[in-house]
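In the part that follows, the structures are each spelled out as structure tokens.
Across the two complexes that follow, chain A remains constant while its partner is chain B and subsequently chain C.
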Partner chain A sequence: MKEFEMREAGQDRKMRAKVGVYVCECGPNIGGKIDLDRILSDLSGLDDYQDVELVVKKYGFLCSVPGKEFLEEEIKSNGFTHLVIGACSPRDHDSTFMSVCSKTDLNPYLYRIINIREHCSWVIDDKEKATEKAESYLRGGIARVLRQSELFEKPLDINPDVLVIGGGIAGMEAALSLSGEDRRVFLVEKTDRLGGVSLDLSGLLPGQGFVISKKIESIMEDRNIRLFLNTRIKAVIGFLGNFEIELVSEENAETTDIMAGAIVVATGCSLSEPGVSDHFSYEASDEVYTSLSVEKMFSGDEGVKLRSGEQPSSAALIHCVGREEKNYCSGICCSYMMKLAGLFKNQSSDIQITEFYRDICLPQKDDQERYKAAEAAGVTFIRIKDISIKGTDVSFEMMNGEKSKQSFDMVVLAPALKPSADTEELADLLTVPLDEFGFFQEVHKMTNPVGTSTDGVFIVGTAHGPKGVSDSMQFARASAGQILTRLIPGEQLIPEVKVTEILEAYCTGCGNCLEVCVYGAIYSDDSRGISVVNEAVCRGCGNCFGSCPSGALRTKHFTNTQLYQEVDEALR
Partner chain B sequence: MPQTGNILVIGAGIAGMKASLMLAGASSKVYLVEKLPIIGGKVIKNEESFPNLECSTCMVAPIQQDVLQNPNIETLTYSTVEKIEGSAGDFSVVIRKKARYVSLTDCIGCGMCYEPCPVSLKNEWEENLINRKAIYVPCSGSLPNVPVIDSEHCLRLSCGEDCSLCAESCAFEAINLEDVDEVLEIDVDAVILATGSSTFDLSSIPDLGYGTLPGVYAPLEFERLFASNGPTFGSITLRDSDKVPGSIAVIHCVGRREQKYCSAVCCMYSFKFARFLKHKIPSVNVFNIYSDICVPGKNYQSFYKSVEGVDTEMLYTSSIADVSVSESGSGLKVAYPDAAGAMKELSVDMVILAAAIVPDDDVIELAKITGVNLDSRGFIATVHDGSGSMETSRKGVFVAGTAEGPKDIQNSVVQAESAAGQVMGIVTSEVSVS
Partner chain C sequence: MEKSSEIEFTPAIVGFLCNWCTYAAADLAGSSKLELPPSFTVIRVMCSSRIDHNLLLSTFFKGADGILVAGCHPGDCHYGEGNYYARRRFALLKKVMETLDLAPDRLQLSWVSAAEGKRYAEVVNEFTKKITELGPNPIKNSTRF
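Right, the complex of A and B next:
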């Protein structure tokens, strides 16, 4: 290798590379199982690097406090341009040695840890072979580190304000949890009122009507919440900390531009149309109602009445409508159907209520008592395999194969929840994928259920998937938790530094990379006919790297040259 | 960033770790107190987690590492909280750090000290399915990967014998047999209780044979049996034998009637077990005996449907309460009423009881120390203000995860994030006041 090129602070200059190679004995863990002295002398004697100065040493425990001080001093006194550590798994101590570099003038991205413990000494009994493998790994590491480049963290100023889309119970809860003296919330609702579906529900929370009107009042009084009713989202660009959003009024088509650091999507859901499936058939008629329309009647003054104006003397409550077809259980229907049964019984204790169910699903700890209460109030529960509803005649097959038919004054269906009508359009605007059911897709089902692949966009309430009121509010508060702990007024964010860059000269603008980028970090610069990476959004996953036919993409710290050189050298 | 507030988080399971990382990321100083010598909670007992059957270690180990390496988190393992006084924004807390006898900074986890220890006893973390030494880590892959000496069973510490074989075997002088408990006093602004839960006492239903019939298993026992770092390194064999079971029955809803709630996760883990079993032992016959299937939310039913009739036969019973398990030759006999109420019998080699999630064994003590109210089932109660708040009856003290009630990983994480957000409210108002 000839003289080595380094980039520093934007200007290229040539200087002689001086690489420190420090091998950790890890007590007997590496020292006892690998011939480190042989490695030391072999590496020192390498003549491949005549223009590179190698300093090769071993140390007992590099991760110990004296070990770190020793290393810091060595980097400073030798003026290393690069550093290779032969030690344990990067999972254990990569960050340890990066912090040591940060205390010196050595850029932490010009250092590399080579795992000679888990990969060598702990898995190879033969000392000779373990030594050989460790040495080839270290040679590969030296070859690679010489091709690494300095990377610098670029802190970004952030906007702590938040856009909340949807003024239902989840959106209101998010807005109230987030607003504060140093954080404004823009609450955007497409209809002319706050409250969403919760206004139509009856007796879901203790003192619910009061709770919801109180919340609406709090939002109205909060001077840090700016409310946009009858408003939709027209355009969104940006990333965590800095989004620019264009709102459009449904009334006069006027647009408003706002800036926010995060977006909470609380656009709710709707009820699916009852369809026909293998074990369910249905014909609409006057006295067949959806659960929501019965909720509305109960929350009104007159209670539930038939079209004739009379109170029903019998009602069939049909669970699981659409569950088979949708292939998910909404998780709330059993509970609210039992609640409705109770409300019917309150209206008239003589009413005969039969609940036709497939499974009783009561995932909330308080729900089971409602079930017991319904049974105690004389509600009949029939577990069915098949059901067919023609008007108010219900034909069904029970688990023991027995078939039967009953007639009722009214039939109430519990249809599955489905995504709101605008979900797809909004997902496009936000560059957030939808899941197989059409709900917004979370980053990770378990460990990050409110996050999305567009960092800074959070999904809460039933926009995420079917759930009840208390879970919806908890999801809303969870998004608030993420935003409050990450977008701190006056602080900066440090985006990922190992991002992808595009070598403009090679880019043909084919757009393959745009297709595969799940973060929406790449856009097309039509005037120049090339793709451009937004480094603040890129996470360096490397998807685009593999999709580029012209080799125009390069993921920093994982370039082809770096990877090939390491492998070549290790295998030599 | 300047330091903003001190937070105490009790319990280093998924909820406690998540909340700690979020708050530490916001520059709060977090004291994360865990009673066990390792962090990770219940999730790391599972080889794979539903619904994606994702490797749990791969999911949680990076979180554990982040916790241990975060400069704003002081992880106090093998420690308990003894006292919390004061009020929101100004709590004073007493923490007992039990003597570990092994230095967290000097030990590198090489494991040389286990072999020489002459003591052998049941490993509780492994559900008593295997033995451990008096100096031990609960399982391979423990984090921090530093053993602890069980002073109740160590010959030197419990009986005063002159044994120091472990210390002699340590090349790092990491073992200090003179170690003593340490009592820390700290001041914090807010507290998050993320102390998790226990499982239903299966022996309280004698008809199901748990504890008397060796072929009957609790769910966590089976999780460990399946785990590649578990007692059998992942091979499914019957207790104390090499026999591979040919047929297995999973009985759902054990404890639902007694506890008066549905734990909402048992159906899913039962289906996961069926999938595991079919995968490991293709010839096995699996039966799920159930009366209701609870697979709430968008993520679960498709997994159930993919297992139903493929990995397991689903047997409906009209009454779980009338299911019983008894000995039959070298195997087990499960009797259950079918849909018509007629008693049916099933011969199997192994039975797994899908046990309810119940309040943690130490919750009453914890409630006393922290001054929070419990709900009627013994879980930590939140203040019902109709807002999804995680605040308990004591202001400034929050709860998250299964300490609040049975739930899956997703909802535990959601609660942890909610609690962290509420804590930020306290911490930032402190700052603006000062």
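Right, the complex of A and C next:
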């Protein structure tokens, strides 16, 4: 007599399988399109498994509160060893029924939901064919669930502390949002001061100087923030909840080891160098400046002066420098160039300002006002197709093809923002990929722009891509929100259960799987000559599976045995 | 049992769909009530990169007339770059299929995002049509291998 083996908590025992098969009518969605009574009678009489007892029933709405209570009671009273639910997509209610199982003795991984709604009743018009298909899927489900193994969650202790890399506005905001009595923050800054680029900005928002200095002050006063100036990251290993980081001081090369549960990357950006090219030809002595150096002059006491010491009587503000070459719009230059125009006008109302732009990008709600104010102050806006400068002589082609040339006292360039210099090196240390522009790559542009493929590493501010002060701070808070909800002091973290395991007896230690693992979840155990999966890091994608020449890998809950069984049933 | 050529051939097709994109697209096709062929059976995997050569070949040996593997668009993989690996492995397997007298067209890799319910239906219907035209899998239950 064939019996099914079940592994249970360390000891093997054999028992007769009793499978519950519950089909949800989903009102008319399944019940009206599929002959469930026929399925019930066919499956009840199924003789594929002589040693398996099947209990087959239908119910109106299994996901309803009474439905879940009914199911729980059925599992308990029947003592099912396995459960198959014929209902909707696992994307809808897999977790619903797993929770029901968790309230009983049935391990949630010995249950399977079969999607007979999206794959049958909703897409096959012919009732006869839809019924046949649903029955085939359900038979496959029964065969598959019998091949499934119990899986157990392994909660891990976590470290709630956070490492913030970069002491600019985004890094400071993240550090201040995160620090607390039960959570320390290590704030690491490579230079000798906090504030980053924001220190050089001028008049971005009313009282901004105060905002920045207040933040720096708060950081210095916060006893839960440990500040490391002139310090870089030397090594990082670990995963969400448990990172080990080695810091190195730039001053004396001393290293410090710290532990943290999450890492926030706030390494900022820099301005791209327009450089001398066909379009930009100027000498260092020419009156050609980048926007940031003009910002710096405005934030000083003396305002903007030419090298001669005189105030300029005309200035060309050139937008979109490097946009074509970089292939992205930095999104903030239009706004700050209009701010600079206003600052020039404040300094001397007679100054003649001309802004040359390819497109105007004003995404923030108060940007439009700044544009109107600049226009009202007499700033000239010229949309151009092409532009080149030779010193402070500006040659340009307008949209109608007309070419012209003007000379100015001063030229201000708004170069594209680019990733800061250490981005690549840091990305390597953190095993976070970079995007096509060289910025850190987010998990998803819309749904999770602060997360990265390395769970527990977050990207905020301009390390993620060009953005202004306000967005940088919002990103910082978003990362803090994710960390605060996921790393709760005193609580444990439950890593993915459906991970890959490596069977030591088959592993030759070739390291192919290490190479293809996106998460760095596999490491080489040299003493045993094998590769080992770090289950806390593995996400269970199964990519390593195809790389193994010796069949040593087993992707839990999607094992070969289970998938081959599904194929067999599909082709019966 | 030999099928008479007069009887219309209904192919058996297996679709390995990634959980995050194409399986969700199949859900969308379902909730949009788009018509799909009953001969197409869905097997859900977490990522298209989980599908290895052995699984595909044995699915053919076991009698599948066609196999569709579908996942997230390049650059959109839930796991970063799983679909790139799937694509590379496919290119290799197609070469192997030629040596088995198995038309490489019987295996198709498609990118269908979670938002593309309509496209999912189009891909499945077109692939089914193509496999119907190709006829039965010549190596079904073959003892040659």
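Brief remarks on what is shown
The rule is short, and it goes like this: the second predicted complex is superposed on the first by the 504 of 572 C-alpha atoms of A that agree within 3 Å, B and C clash if a C-alpha of one lies under 4 Å from a C-alpha of the other, contacts with A are read in each partner's own complex, and residues count from 1 in each chain.
The rule we apply is simple: a contact is a pair of C-beta atoms (placed from the backbone, for glycine too) under 8 Å apart; a residue touches a chain by one contact, two chains touch by 3 or more.
Keep in mind that what you see is a predicted model, and the values were worked out from it rather than measured.
When the two complexes are overlaid on their common chain A, residue A:Phe475 makes contact with chain B while staying clear of chain C.
Residue contacts after overlaying the shared chain place A:Arg91 against chain B and chain C alike. In the superposition on chain A, contact of A:Gly27 is made with chain B only, not with chain C. Looking at the shared chain after the overlay, A:Val516 reaches chain C, while chain B stays out of its contact range. Ranked by how many residues of chain A each touches, chain B and chain C are led by B.
Contacts of A:Lys129 after superposition: chain C is touched, whereas chain B is not reached. Contacts of A:Ile258 after superposition: neither chain B nor chain C is touched.
In the superposition on chain A, contact of A:Cys541 is made with chain C only, not with chain B.
Within chain A, the residues touching chain B in one complex and chain C in the other are 91. Within the complex, the chain C residues that touch chain A are 12, 14, 19, 23-24, 26-27, 29-31, 33-36, 38, 41-47, 49-55, 58-59, 62-64, 78-82, 85, 89, 121. On the side of chain A, the complex with chain B involves touching residues 26-29, 61, 64-65, 91, 95-96, 173, 176-177, 180-181, 205-208, 211, 215, 323, 327-332, 359-369, 372, 398-401, 435-437, 439, 445-450, 465-467, 470-486, 488, 491.
The touching residues of chain B, when paired with chain A in their complex, are 1, 14, 18, 22-23, 25-27, 49, 51-52, 54, 59, 61, 63, 65, 69, 105-106, 108, 110, 171-172, 256, 260-262, 264, 292-302, 305, 316, 318, 338-340, 375, 377, 379, 384-390, 405-406, 408-411, 413-422, 424-425, 428, 432. Within the complex formed with chain C, the chain A residues making contact are 89-92, 115, 117-119, 122-126, 129-130, 132-133, 136-137, 140, 433, 453, 498, 516, 518-519, 539-543, 545-546, 555, 558, 560, 563-564, 566-568, 570-571.
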